[in-house]
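A, B and C label the chains in the order they appear, each numbered from 1.
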Amino acid sequence: MKKNLPPSELARDSRFVRSTIMDAIMDPRNQALAERDLGSAKLQPGRPAAADRARNLMHGIFTGEIQALEGAGRTTFDFDDDEAPFALKLDMARQCWDESRHVEISVKLGEWMGTEIGEYNEATFLYEAACATDPILRLCGVNRALEGLAIDVFNTMREFGDISGDPVLEFCEDWMLADEVTHVKMGSDWLRRLTENDPERRERALEFQRGVDKLFSLGGFRGETDENPIQLARKLRAMAGFSTDEIDEISEISVQAQEDARAMSAGASAPS
Amino acid sequence: MSHAISLTPEAFTLVKFDAAELLAIAEDAATAVGVPDDVSIAIDVDEALPGPLIASAAEAVPGKLSFWFSGGSFEDPKRLAMLQPEMSRTELAAAFLRGRDRLDGGFEDAPPDGEISERQRAIWDVYAEGRLAQQGGFLINEPRRRYSYRLRCGFSDVADAEYDRVWKAPSLSWTELEEIEGRLAGADTRPEARKPLRHESLRPS
Amino acid sequence: MADPRKPRPAFAPWDRREIPGLFDVDESARRVGIYKWIEMRLFETLGGWVATVPELDVKLVLGRHCYHHAWHAELWDKRLPELREMNTTRLTVPANDAMNEFMESIREPEAPELTIEKLVGVYRVLIPRKIAAYTYHLNATSRITDAPTQRSLGFILQDEHDDWTEGEMLLQSLIETEDEVDRASRRQVALEKIVLRAGGITGPGTLGDAPDSSGAQVEGATV
């Protein structure tokens, strides 16, 4: 088996269909929608199409959990003993088990919400963050950016479950959230430990994380305003080792990502 | 074609739907659920609204049914901007049944879709899809319908019992639906602020 | 109640443990180092395979089992300094070149259509071999002096048996044709030949020496 498996080779059964993030960004409907006032974009139970939006998001989480599992698994394999400390690999193996449970939880939750496996398409940008060849870049991309997004999403969905009185959704999100805080903390701890005496490597890793965070803000998907379906979970991020400055920075990155997406979709639909 | 069906837009530009294909599916669905041949059908699709924004509205006047759909109602969840024929057929058929209900099926005095509560709409959707399930031949995702209903009507034994009854109901009237809503409202223990009473619409007014 | 100050023996009447065991400190440490090396290579392999198997149930089981073997590696890593091996990496090695070749062969399959080959290597060859070697260690070492190793072996063997069962059930559900039976068998035969050359997963004497035809007893053998 080779090291560093590219995203195109992720193995899936026939139920799964892949999409690209560019397809979504270049969709001409984005511009048409941006020109309308559809009210708050926050994902809340009282909003129109809330059930289908929640089902769609939870399926995205399900495929994200598969990729998080795959990413953690590859990190145990891709690095030789002299490239990644033994204890880091043990942490990644533990994360494998956790993500495997998250996939199981997501499948059960999907059944509860009436969603079939593979019902929606799968974008592989989450796994793409797990393809860096420096283990600390990979941990920053996966554990701090990807898992940080998971904290934001799970927190939003836990609230969704609480508000709608859905006992299963709230229960599942609460448990997954507990694991994700641990995973983010793992990333924060390893970043500190491995770059203690190497400020340059630390900066490279943080820069990589910024890029991934921007990608994960997905044109305004995650942020702190009414326009963002998923809300930044400040308190939980602080628990997971993010400083206030770092959280502020993610918030700014989210605003920037939203503006970039607007500009891109305006450019895409402009007459040529 | 045995029904006079009109489609707006005549050609799609934001999505990759084939208007002729959608019209053929609509004709098939109308026949399957027994829309009389002398009733004309007008379908307005808002193609800017993608999946998972699935929404529709039905209006009826004697001799004519009019429908509004979000484009997401027909979009393949797996393939961006592509038509999903089976799902579209079910969405159309369910809406046509609600149109027939309004025409002469016991819902003649129901307020317009824009004015009914989310809870009332959820019950009506269960009634429509339940009939398609009894009839057979449609792509039905019952757990999806149940979840949408629970979100609007509550996660409780009372709500589930009403759901099971409505899903299998051979007939229902607007008055009976209002009575069901009353029972559900009484059993909904969620704090007032948490109940989905607000009525927002994806449909531009 | 009996007089609490009355002297009692250190070993209760039913506690029949005795001092002698087959392994001295060095031999126990050698084996534990080899175990750690095998567990490491195994958890890495399972972690790497997760992304390469399309079968969702297999993917999730591999993710879970990956952690089981990582935990075993951690237990062995912690045991090594207690066995006078402060440089834990020195003994974290394969028993011999053939064992290295064996683990390389185990982890070789990558393509998504090779799930049977992947699982046969782990669940029909390696894990049964591990269960045998661990059970031998459990039975052969001193129940008093090497009790910490035995305690870890007990936990680990519980995992190994459970995982073996689960892997075997997955295999039986994946093997649907005679051709697939042949594939599984071919794979098993090829790997068994390599591990045979290695003399077992800890090298020659993995399960103790073959009984001496002269009838002489192995010194210290009490089990």
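List of remarks:
Simple rule for what comes next: contacts are C-beta pairs under 8 Å (C-beta built on N, C-alpha and C of every residue); 3 or more make two chains touch, one makes a residue touch a chain.
Because the structure is predicted, anything quoted here is derived from the model rather than measured.
In terms of which chains touch, the assembly is arranged as an unbranched chain of neighbours.
At the far end from chain B, in terms of centres built from Cα atoms, lies C. Taking the mean of all protein Cα atoms as the centre, the chain whose own Cα mean lies nearest is A. Chain centres here are Cα averages; for chain B and chain C they lie 59 Å apart.
Chain C has its Cα centroid 37 Å from the Cα centroid of chain A.
Separating the centre of chain A from that of chain B, both taken as means of CA atoms, is a distance of 33 Å. Interface residues of chain A facing chain C in the complex, by the touch rule stated above, are 1-2, 5, 9-13, 66, 69-70, 72-78, 81, 86, 89-90, 92-94, 96-97, 99-101, 103-104, 117, 127. Chain C meets chain A in the complex at residues 40, 43-56, 59-64, 66-67, 69-71, 73-74, 77, 89, 107-110, 112. Interface residues of chain A, counted against chain B in their complex, comprise 17, 19, 23-24, 27-29, 32-33, 36, 38-39, 45-56, 111-116, 118-121, 163-167. Listed in rising order, the residues of chain B touching chain A in the complex are 13-15, 47-55, 70-72, 77-81, 118, 141-148, 150-152, 154-155, 189-190, 194, 196-198, 200-202, 204.
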